[in-house]
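Lettered A, B, C and D in written order, each chain numbered from 1.
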Amino acid sequence: MSWLSTLAHDAEIAVFAAVGQHGLGLTETLGRQRGVRLVSSPRHARVLLVAGEVESAQARALERLHAQIPPPRGTVWWQAPRLFERGETVIGDDPGEAIRRAAGADDPEQRPDVPPHPWRGMGPHGQGGHGMMGGNPYGRPMAMTADDIRDGLTLDAYSARFGPFLPALPPGLVLDLTMQGDVIVSAAAASPPYPQGPEGDAPTLCAARMLRLMGIGPRAAHARGALMALPKGSGMRRRLAAWLRGETVTESPAPPPNALPGREWAEAVLWLASFPPSRLRAVCPEEAA
Amino acid sequence: MIAATFALLLSLPLLVWVAAMFDRIGAGRGRVVMAPLQNGAALLLRPNTETEAPDQLNRLLAPGWYLALALVGLSVVPFAPGVVASDIATGLVLWGACEALTVVVVFLHGWSPNSPLPLIGAYRYVAIGLPAMLLSMFVLIGAALPAQSLSVAEVVEAQRDLWNVVRQPLGLPLFMALGLAITLRGPFDFAEGAELAGGASAEESGPALAAWRFARAAMLVAFSAMAATAFLGGYLGPVLPGPAWLLLKTLAVMAAAVAAGRFFARMPPARMLTFLWVVLLPLSFANLALVGVEALP
Amino acid sequence: MIDALFLTLSALAIWSGWRVFRVDSMVRASFLLMVSFIAVGLIAVLLAAPYIGIATIFMMAVEMMVMALFMVMFMMNPAGLNPMVMVHQHRFAVVAGIVAFAGLTAAALLSDLPSRPVPESAEVVRALGHELLGPSMLIFETAGVTLLATMIGAVVLSARSGRYGDSDAGSVPPGLTPGGEPAGRKPDDGRGRPHHHGGQ
Amino acid sequence: MIQIAMPVVLAMLAIAFTTAIQRIARTDATWPRRAPFLGGGLPETHAWQRFHVRYYPMALLFIAFEMEMMFMYPWAVVYVETGVKALAEMGMFLGILSIGILYGWREGVFRWQ
């Protein structure tokens, strides 16, 4: 496999960016780095880049992300204090060198290797479950039925914590969602988005984020048609249009726990992206954790 | 027939490489020629990812089936008069079956990791992939009308006087919608969109991801060759030999598909579903009616 | 060559048909059934029916996809995370299976089947088309109306939303005993107002 | 019969190729690595569930449409020979089915239920 290694030597480094406080602007500059490619899932990545300070309350989430990057993996803390003893810290504006060094690193795993629930050898087949739906087969219980808010079919409700580093959500926002299919049935904001400063509300940055979710680049010629793709009546078109004209949006959203239920996943994600991070932060309670 | 199969197997990796180059140009990234190979090699050297209680077998086979469908779809495309890997009399139907099975394969790819984001991607894709396939069938039946046959070779021969793209102007744009859907790109990429952080492929890494991306690019090649054959006259053309014409037209369709994927924004799936049934499907009816009137003796 | 292909495909069809009832996952069961149909479709192509064969594959791919959606939607333990038995009424099923097998085998072996090999050059699709536009035209058009009725029926039965409000407004599930308490969950006023309608 | 033998061979080659590629790497994983990616969060249950498909009326409508496609292929082959009769017949057929789409649209089946 030596020829494969030789070929791979000059490959771009796949980086998963966990965006912290004031990290949005930083991450945008990363797209211009040569030899570095931002990816949307830690599974595709080689290096975990923490861009901006992350509170120690979310160190656990960061450790989980770190664990989900297939080994060997490296870590870079860019303008962020280290929350665990892996990787190196970068103070300046250019993490390029550190990323290249991290691409040769091999961080050891730090989370204990235990399943979410003990299951091995339990139950009649040793898979941890019993009966049709009972127990913890392979370490987790199965989803159970619950009422639905749209069509009234009582099918399974899936509850999970999304964020704080899901690239589709504003960085820092932690949502406890219950979903039926791809429709959100109930939502709670466990933690507000990180402060991004005035540059986080900059129209070009906000528009680019929203357009990326719609699968197109930020070039203006494309963007006009993008307005047509958004659903009518939710204000998303109006806000994106304002950003594309270069105006700052000052609208405040309804709190996510009220506004998200009933929305389909893509709509919900676009809706969240259609508000500036500072406004979204203002309507999410700080103390709930 | 054997020769055509070998030609197909030899040219496919190169065309996949070219498809990856087009994608890099579309994304506005440098190092167009070598980066796809280097990134692919880097992926091959990474480990696969196991998830909690996945459907191992389907997870392993999904990229293989995807590639298989691309190859089978490509096998009905004639490279020159009489030179085709699979000379089946119902080539258009076989291509349609490949489209239908693509929806199944993408669903399996998203289903098997047992993870929420891939799962949502898989289900959304089925909602959009099925009607998009219906659309393409009406369009391809339009292409079969003047040929009076379901054989792809006959469809090409029927374009000796006039290419279908002129005779049926609505056909190629509508067929492109299907192409974007089965190659998971741009406005029809409901399986792997950014709002799902990679969706159906979010849990894949290493060689499994490389195999899936290879198959996806191979499907783009197969689709482009089919579109070039059904609407742009396939191997027909002056001066140059037939296979060269087919290659040029395939590359043109490929470039157009990549550009369209970067140009059109993706709607939320519910909106796209309505758009497909209420706008695009009636348009394909209209296309068929126009073709029908035009084809009457 | 053809015999070998035929035997392989038959074995695949039977094996995957059997596996349908042995796997735990609804998705696997649906798509194993699809594999079985694909093998049968390819056999049909071997029997000089290129249209029917490939069309079977086409149709079954789509239909098993939709079946998988509904199977996962409505069955307990859809992915088979806990092992389970997919068959019910064992004894009846075994007897019915043996009777059906014996009957079909007898029909195949005992009846005097015509031996008229279809020539390789026969244009079976064209013949089918002429049939549809000639003697069978009434059947063809009736199929259109039947499919329309199917569509309307499917929409009426499945969609909750509608022009005149929710389809289940004021409905009560039937009782378990005649005149008894309604079965299942009781609809209450708090539930079922669609909060937010689709993205249009 | 080589007409289907060749696609079958190609399909087997594709499967062999991608399976071989995926065997290059090891697939060992710790439990934290296996957890589904949710951006740092964790789920309570398995993702496999009685998934609430939001487009089930559309799926049923689609099946009816699909049936009809199968009539159209033979129709397309003999269309030019048969002429106006074929056009009229298919026009009627498609007209009837278009009523189905219109009705479905009116009842909102293309929305997320």
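We take it that a residue touches a chain if its C-beta (ideal position, glycine included) is under 8 Å from a C-beta of that chain, and two chains touch if they have at least 3 such contacts.
Predicted model only: the values in this text are computed from it and were never measured.
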Taking the mean of all protein CA atoms as the centre, name the chain whose own CA mean is closest to it.
D
Which two chains share the largest set of C-beta contact pairs
B-D
Whole-Å separation of chain centres (CA-atom averages), chain A against chain B:
30
Between chain B and chain D, tell me the centre distance in angstrom, where each centre is the average of that chain's C-alpha atoms.
14
Dist(centroid_CA(chain A), centroid_CA(chain C)) in Å evaluates to 40
Chain C and chain D have mean C-alpha positions lying a whole-number Å distance apart equal to 14
Hunt down the residues of chain B that sit against at least two other chains at once, touch-wise.
44-49, 52-53, 88-90, 93-94, 96, 111, 114, 116, 123, 130, 149-150, 197, 202-203, 206, 267-271, 274
Multi-partner residues of chain C (each touching 2 or more other chains):
45, 50-51, 55, 58, 62, 66, 69, 73, 76, 79, 81, 125, 160-161, 198-200
Check: chain A positions touching at least 2 other chains come out as 1, 41, 43, 70, 115-116, 137-140, 142, 150-151, 155, 158, 160, 166-167, 181-182, 231, 264, 267
Given which chains touch which, is the overall layout a line, a ring, a star, complete, or other?
complete
Under the stated contact criterion, what part of chain C meets chain D in this complex?
1-2, 5, 42, 45-46, 50-51, 55, 58-59, 62-63, 66, 69-70, 72-76, 78-79, 81, 125-126, 128-133, 137, 140-141, 143-145, 147-148, 150-152, 154-155, 158-163, 197-200
For the complex, give me every residue of chain D touching chain A.
24, 30-33, 35, 37-54, 112-113
Complex interface listing, chain B residues touching chain D
1, 5, 8-9, 44-53, 60-61, 63-65, 67-72, 75, 85-90, 92-94, 96, 111, 113-117, 119, 123, 127, 130-131, 134, 137-138, 141, 144-146, 148-150, 197, 202-203, 206-208, 210-211, 214-215, 269-270, 273-274, 277-278, 281-282, 285, 288-289, 292-293, 295-297
How about chain B: which of its residues touch chain C in the complex?
53, 55, 58, 88-90, 93-94, 96-97, 100-101, 103-104, 107-108, 111, 114, 123, 126, 130, 133, 149-150, 267-271, 274
In the complex formed with chain C, which residues of chain D make contact?
1, 3-5, 8, 46, 48-53, 56-57, 59-68, 70-71, 73-79, 82, 85-86, 89, 92-93, 96-97, 99-100, 103-104, 106-109, 111-113
